Every structure is written in structure tokens, then in C-alpha cells.
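Note that subunit A is present in both complexes that follow, paired respectively with subunit B and with subunit C.
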Partner chain A sequence: MISRGFWLTVRAEVSKQHQNRTKGRAVFFSLLLWPALTFLTSYYTMLPYRTGAGSVLSRVIPDGRVPLFLLSGYLVFQLFWTVVQAAWLFELERKGGTLEMVFLSPASKMAFLYGRSLYSLFHGIWMFAVFSGLTFVFVADISTINWLALLPALLLIMVSAIIWGAALCAISLFSRDSGLLYYIFQAPMELFGGVRIPPAVFPAWATGLSLLFPLTYSLILVRGALNNHIGSSWWWSLSILILGNIALIAATRYILIRAEKHARVKGNWTLF
Partner chain B sequence: MIKLNEVSKIYETKHRQGWFHSEKRSVSAVKSLSMTIASGEIVGLLGLNGAGKTTTIRMLSTLLEPTSGSIEVDGVSMATNRQVIQQKVNMIAGGERMLYWRLTGRENLQYFGKLYGLKRSQIEREAEALLREVGLTDAADQPVEQYSKGMKQRLQIARGLINDPMYLFLDEPTLGLDAPIARQLRSTVRKLALEKGKGILLTSHYLQEVEELCDRVYVLNQGELLLCDTPERIVQQVAGTQTAHLDVTGWSEQLRPLLAEQLAAREYPAALVSADSVGINTLRSDEPYRISVQTPSADRLITELLPWTTLHGLHITGFASEKPNLEDAIILLSEGKKS
Partner chain C sequence: MWQTAIATLVRNQRANRRAYPWTFTLGHIIDGAYLVLISFFSYVYLIQGDVDSQFAVYTGSNDYLTYVIIGGLLNIFSISMMMNISRALITEWREGTLEALLLSPSNRSGYFVGNAIQQLYRSGLELLVVLSFGLLAGLRLPFPHLWSVIVGGLIYLLSCYAMALVLGSIMLFTRDTYIVQNTLFAVTALLCGFQFPRQYLPEMLQHAGEIFPLTHSLQLLRGALLTGDVIRLMDILPIVLLSTVYIAVGLWSNRLVERRLFERF
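Entry: the complex of A and B
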């Protein structure tokens, strides 16, 4: 059972993040620009290539659905990437000494991590979500969308992103250089997660790597729902994502306890 | 009451030697420290750099775990009830860190209040009262990045009080502050102890501040407790005597052994520090000389020496006494320990 104190801390962290990171509406709108530009770059890069019948891509991208494929890819990638940024920004808290003040308080540290992750998701994704929503209306064939699968899948993916973000926050909280998160998760997650290129066309080793990212399963869920392909792989992805979330919560808790103990014994927050 | 019982802290550090080898080293930051802090009491923690002051404060505020020994706050053990203790204590450090600069002063207090589980109405009330108390009401809704150093420090005090802690640990709270602001802070600290009954532990490099505020002082050196007493008694015990200066005319060098003999007879052995010309060093007897003598009581010395000076034709033109302070005592203590 999650206590009232847990939610209070989550709310406190969300509101603090909002006050700390957004001092102007322009910031929110500017957040749309970068993912939209990345999307357009990818779209126009793929446009000259053949995607019709008999092409490699036609095996995984239904005919004429490249924009939808890319949009769904970027929307879900954006969900996971914005929370990576939450972890990445942790270094500022450590340098500013505010992290110690948080750990000095009796507040739940898990709640602190989840609050950060939750706000980052909201901060980074909302404009892009609006943009994507509108584009879906024009690009997607609404008749093929399985809404009963899409809506719970999107909800689950958002929860997964928050859990993923909190796990990364726990890692970066006690890491000497949280910049490593950027190098590990930006390009590899985008490439192997199947944002632009479906993992099905990858060689075996790359497919194996793609299985490490919750983004991969999330994309299978979203694209399956958009194209109404709810097969066994969809259900597998759903199960793996749920189990993965449970494992990540446990891992976050373990890292937090271990690293907090380390900090109390060693006097510094650098576990690795 | 806070009780530290035989608390030690050893840091294990790894020193890399090339890519594959590292050497483990142990540094004893605090050694078997026992101390108490009662409610309403201001206790000083002094020592030179590396004495173990900050480590002690960090252990008390639950950020560090003692390697051995125990800490109890109002009978509650820190080892088993950290969260309970975190509600009762808070820490304030000098400098401009530990605040969110893009948040306003009020938003900072609201955030930290929520971390301590306070209700919204309680937070609003407390924040308002604290901002008023530290004189930041007018700047409450300005971002902290627009605050001056003194304002940030005052906000730190307010932040440290947001959970209404029973015990407050102040680590160099007036570091780098202008004299009037430092004075104002000292008055706030005194009020917290006297009027609100908070137990306060203070470390500061400004020993005058410690002398002025603290009821008792613990002196640490390289992690070891050297002494615990009131500031006055520490000065008396360690620096001991005052230096009395007598400015005289009619001095001659033949008087030096006689004065030494006179002082020795009055149980001030080896107390004659110097007898030097004040002005240009000439042999004229009308040149003013300064006789400096170490004595437990400068007033008593002058009364006792008066007949002797008259007898030898000396005319006293001036008198001054120099009292040692806590700084002298701490330096003497630390140097004594080293030697």
C-alpha cells in the first residue's frame, strides 16, 4: 500500500520541477521543435526509398504508412527519452547541494525519483503528443485503429516510461557522470528500439540489443494497435512490458537502498 | 537531548594506482566522540580544518552513519529510527548552495515543507512566519537567483526551520556574510535557543561568534575530543593568563633582574615577557618603556607592583591589559596536541 506521504512527495517533486525548469511558456512550445524536426528529417530521408510491395520495408511497414510508422516511433521514443533527461539533470541537484537536503528529510526517496520522472514526461511530451494526435487524425486510417488496445497500451507505455525514468534517475543519482546516460540511451535506444527502422530487419545481434529497451515492446504495442495487428507478439510484448516494469521497480528500490547506504558509509554519492 | 556515545567515523578510500590496481586507505575522521546537546542550549564545535566538525554534523543530521558508537535523539536511536530523527533535526550550512535558485524564496520553503509531510495550510503559515522572521517578506516571491548572499543565507535559516526541528546544526552559518547581517543571524540563533528552546550545534571559523553565542564548546583536533567546557573556562584553562602592559619612565636595565625577582617572589615565575623601549631605542632614562607581564589578574598585578615601581623611581604613564580569547586557546590547544 502506498502511503499518503508517498503521493505528497511525488506532488511536491512534480511541482518543484515545474517551477525549477519552466520559467516561461516559450520553453514549453520550444520543446515541440526538436522532436518535430527529427521526425521530419527521418521522414524525408526515408521518402526516396521504395516502400511498396516487394521492398524490405514492406514486410514490416504496411504500404503507404511510413509517416504513421515514424510518428508512432517518435512519439513513444519521446516518452522514454524525456525521462532519460530527468536522470541526466540529476547532476545539477548533486552539485547544488539540494540533493543532500532532500536526503536529509524523511520524505520517501522512491517518491522523489518517481516525481522527477513523472514531471519530465509531462514537460517533454505534451506538445509533441498534441502534434502527434493531430497528425494521427490526418495520417492514420482511423478505421484500422484498435482503440480498445491503443488506449490501455498508451497508458501502460506512459507508466512504463515513468518507471524507466525513475530507474535511470536512481542510477544517475549515484553515478559520477550522468552524461553516460545520454551516450547509452539516446542513439542506441532510437536505433535499436525501432523508432526509424523496424527491429525485424536487424541482424540477430541487434535484435537482441533491441530487447533490452522497453521502447521496443512499447512500439510493438502502439503500432499493433494502430494497424489492428493484435497477434501473439503483441500479447508477448504486453506481458514482457508489465513484468519488466515490476523488475525495474524492484531494481530501482535496490539501487536506491544500496547507494544510500553507500553514501552514508562513504560520505559521497558516487557509487560507480 | 542528543547523546553521542563513543562515536567514531572511519572513511575507507580507494586510491587508484594505474588501471588495474588501487590501494585502500582508512582515514579516521572522528575518534570515540561522546557529547550531548540539550534543548535550549547552544553548543559550539571547534577545531582546525580536518578536525572532524563537518563529519560530526553530517552524522548528527543522518547523512552519515557512524562506523562505531551510537547516536540518540530524545532517547530514539539513530541506527534504528532514522526517519523519526529526521523529523526532529535539520541542518544549515554556510554558503549559497542547498537552495533552488530558480524557485522563489517562498517556493523553496513550500517544497521543503512538503518533504517533511506538512499540510498545505501549515506550510503557508510556517513559510510566511519564517520569511517574516528572517526579514525576507518583501523578497518572498523573487527567484533566489536574484537574492544577495545575505538573503540566501537568511533563506537557508528559514529552510532549516521549516520542519520546526528540535535540534538545529549550523555549519559555518555566517560564512562570508557582512558584519551587520552576521550580527542579525547571531541574534536569530540566540532567540531560537532562548525563546524556542531549540538545541543548537554550531561550528564556525569566527571564534568570536562562538564565544558570544555558545554555552559550551567541544574542541576537536584530528577527530579527537580535546576539551569540553564553557568558552570562558576554556580560555582560562588553556590560554590561562592575561598580559599586562605597564608603560613607565625612569627604566634602567639594572632593574630587569630586580623586577624578575620581585615577580618570582609574588608567584609569577618567568612571567616577565619583556621590557622594551616603546619609542626609539635610546638609553635615555626618560624614554617610555613598556613592561609586559603575564598574570592571572592584571588588576592585581598593578596593585602589587605599585610600591615597587615607586621605590625604584619609576613613573607609570600608562596601563593596558590584553585578554586571550578563544582563538588563542584553540590555536594553543591544537599546537599543544601536535607537539
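Entry: the complex of A and C
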């Protein structure tokens, strides 16, 4: 179904990104140091909450599992956040004038977006993933982990992040000021996606908002697998995430076509 | 000095109004609202007010929500102040006006003070918006000792200003704003105790926090607001001394970096 040209473009885009973005210094800070510091800050912010038998907190997060809860939250958040950053950097492609080259070439534009998203994800996550992996080993009780659920869930989440990133890139085809993405998605996604507070305790309006982010479902999947609580809500999240991905691919395609039409009408000689 | 300060103030004001979108201001407001909201959600929905007894021992108050909301407000305010003062020179460089500035006989302290005062109203605006969120979320201030709050506020401003000068020279030296500023803000968020009493940190990190004048001035100002503590001269003396050191280092290193700036490229 997918042609050879598609994969060729994906590979080309990945290697282009790789040559473009291998700046060691920046990567270390934004992808390891900041998330690690934010994780620590959140952990200490939760220390004044009463824990132990009978405390309100232990009803929501099992006793002694706060570090694991936060760490899984930040790891999955970081997966989605790196692709948001990629969409945010998309404006450089316009400013550099390379976007119209891509548009003029016969390459599949969908492949271009997915290649971009794919590279950002792996480029962005490996350091924090190693950090989380090591921390897991120290803080987690490995015996409760349901590996059979965790590994496929992580795989699905990575695919979802790539699809989500490509959709955001497609949206930012409409505007030059994609800096707004940064502000819309960072803080609200962290809060409503349930990185620090499980959405289960939210009031109704906030639950509604949290359902909009794929991060929410992904966290339910990961935390369910980590604590070996796989109930109906886990299966529900799984199916919603898969269906959402399919819908998002269709939406990306539609937005891309609209954006191209829009550019033909509103764009100038240099396309944008 | 004041002439330069006023000239800088007027110029920045115009440049901001005419040329720049308000993305930063909007961003700070969203961040501030988020800090308030997440404190509120944590307190009301996650733990339903069930705070550790140790918290009152450390802070002298039971009002967790007010404590964290004040912390969140002051965090956003300090980020906004530090970011815009420290970015002043590197922005000049990016816009191409730095050479003109270096050639003019204007006073450098005046330049920074002008920047700071101009920034104050923008940060103040952000603070007011976020404060109204805070009041909605349950921020309750007891009747504070007015004089102490004023002194605390001034000292807080002074420490932001002092840290911004040093930060600015690092930015100018590395020619980077993004990494330098965000690293500092990630570190201050952890070490200064905006969102939690610093006593919860391991001892080593508590000591590390002392190198920022922001840490103690935050505690003084929050103490004055939260529990009506009276600020004494002896409380502010170490902060003033530390800030003076920062300002001296900042001005000195700025000069050093400026001198080499055009030779390097």
C-alpha cells in the first residue's frame, strides 16, 4: 500500500534532520538536564503531602510509588514534547527557504512530515530514556511490572507521538508564528495529560480537556502496565489511542492538502 | 546615569509597543496561570488538603495553598524580570545596535536600570493577571506588616536585578539565550524553594541554594506576606551584600565580554 518512494523520502528526511541538528550541547541541556531538574522539582513539591497509611495521597498513588509515578509521567510527556518541539522548529524550514524546495520536489509530503517527526522523536528521547531507565532500576519494584503489556504499550506510544508530531507540523504550515505551539502545549499538556496529577481525580471539565491529549491515554497504558493494573479502562485507552491515531493520520492528510491550497492562494513568489 | 536610564526606558517602551509581538508576556501569563492551577489541583483534588504536619513547622503557616501560590507568582515575576534585563545587551547585538551603544558615552548602570524599570511594568502586568488567578484559586493574605512587604519587595527586585546582570554577561559570552536562561530557571526552581520549603531538600542542595540572593529574599518576602513577619535590618544585610557582589561581578564581566565581543568575529 505504501510505495517505495514514501520510505525513500522518510529516509532522506531523517538523514537531512540528522545532518542539520546534531548540536551536542543544546541536546544535552534541553533533553536531559531540564527534564531531569523538572522531575526533581516536582518530586520535592510533592514531599509536603502527607503519605503513609490512611493519607489521601495513598488512595490515588500507592505508597512509596510517587517517584515511579512522576518518572513515568515525565518520560511519556517528554516523548510527546520532543515532537511538539519539532513542530515548533518547523518555522526554520520556512525561514531557510527549504520548505518550498520540498514542496516543489516530487517527494511525498506526508513522508516528509513523518520523517521529520520520526527523527525528532529518537533524537529527542534517548538521553532522557536512559536516565529514566536507570532511575527505574533504583526506585521501581520490578516484580509488579507487566512486561507483556508494557513493551507493546511503549511501542504504540512512540508511534502515537510520531503521528501527533506530524499532525502538529501540518498545522504549523498555516502560520509563520509557530512559537505559539510552545505555549499552548507545554504547560497545559503537562497539567491535563496527568503527568503530576492523575486525571482520575480531576473535576469533569478538566477531564474533558485531558481527553484531548494522546498523552492522557498513553499514561494510563504505561502506569497500568507498571503497576499491573490492567482493567477495562486500560483496554479502553488502548482502543481510543489506536482509533485516534488513525483519525489523526487522516486529519494530517486533509490539513496538508488544505495548507497547500491555502499557500497557492495566499502565498507569494517564495510560497510563504 | 538617570538620563541614560530614562532614554533607555523610553526607547524600549517604543520598540516593545511597535515592533515586538507579546508572545513572551502571553507565555509568562500562561506559565503563571499553570503554576497556580497545578497547585490548586494538587491541593484540592489530589490530596484534598492533607498536608504533612512538618510543613507548618518549616513555614510557620498551615495555609499550603497561599504558600505555593505566592511562590508561583514570585517565580514567574523573577523569571520575567531576569529574562528581560539579561537579554538586553544580546538583543542589542542581534539587532545590530550594540556597536552604537558601545561607542556612545552613556552610563552602563543607567542603561541596565532603565531596562529594569521599563521591564517592571510588563512584569507587573503579568503579576497582576496571575495574581487574579491566584485570588480565584484561594490565595488568602493575612493583614501583613506593610513596611516589611515594601522592603521585602525592594530586596526581591534587587536580587533579580543582580542575578540578571551576571546572567546577561554569560549570555553575551556564549551568544546564546535559550540554553543559558532555561538552565538557570530550571536550577532556581529546584533550589530556591518557590514551590516547597527548602528544608525538604537534601542538605547539600540546601547549601547550593544559598549562592543565589533570590533564595533568601524570596523567603523574607513570602514570610512577610504569609505570616506577617517583620523584616529587620539584620535580615536584609546579607542579601544586600550578596547582591552587591553579583552586581559588581556582572558589571565587570559585562565590560570584559564587551571588549572582546567584536574581536572574536
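What we mean here is this: the second predicted complex is superposed on the first by the 257 of 272 C-alpha atoms of A that agree within 3 Å, B and C clash if a C-alpha of one lies under 4 Å from a C-alpha of the other, contacts with A are read in each partner's own complex, and residues count from 1 in each chain.
The criterion applied here is as follows: a contact is a pair of C-beta atoms (placed from the backbone, for glycine too) under 8 Å apart; a residue touches a chain by one contact, two chains touch by 3 or more.
Since this is a predicted model, take the numbers as computed values, not measurements.
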Considering only the touch criterion stated at the top, classify A:S15 as touching first (subunit B), second (subunit C), both, or neither.
first
Using the touch definition from the top, say if A:S72 reaches subunit B (first), subunit C (second), both or neither.
neither
Looking at the overlay, what does A:S172 touch: subunit B (first), subunit C (second), both, or neither?
neither
Which of subunit B and subunit C A:Y49 touches, first, second, both or neither:
second
Just checking: does A:S120 make contact with subunit B only, subunit C only, both, or neither of them? Give me first, second, both or neither.
neither
Could you let me know whether more residues of subunit A are touched by subunit B or by subunit C?
C
Considering only the touch criterion stated at the top, classify A:S210 as touching first (subunit B), second (subunit C), both, or neither.
neither
In the superposed arrangement, does A:N227 touch subunit B (first), subunit C (second), both or neither?
neither
Looking at A:S218, would you say it contacts subunit B, subunit C, both, or neither? Reply first, second, both or neither.
neither
By the touch definition above, which subunit A residues appear in both interfaces, subunit B in one complex and subunit C in the other?
none
Taking the touch rule as given, give the residues of subunit A at its contact with subunit C in the complex, in rising order.
25-26, 29-30, 33-34, 37-38, 40-41, 44-51, 55-57, 60, 177, 179-180, 182-184, 187-188, 190-191, 196-198, 201-203, 206
Please output the residues of subunit A touching subunit B within their complex, sorted ascending.
5, 8-9, 11-12, 15-16, 19-21, 23, 96-98, 100-107, 261, 263-267
What part of subunit C is in contact with subunit A in the complex they form?
21, 23, 26-27, 30-31, 34, 37-38, 41-42, 45-55, 64, 68, 178-179, 182-183, 186-187, 189-190, 195-197, 200-201
In the complex, subunit B touches subunit A at residues 11-12, 55, 58, 61-65, 83-84, 86-87, 90-91, 93, 97-104, 107, 111-112, 114-117, 143, 159, 163
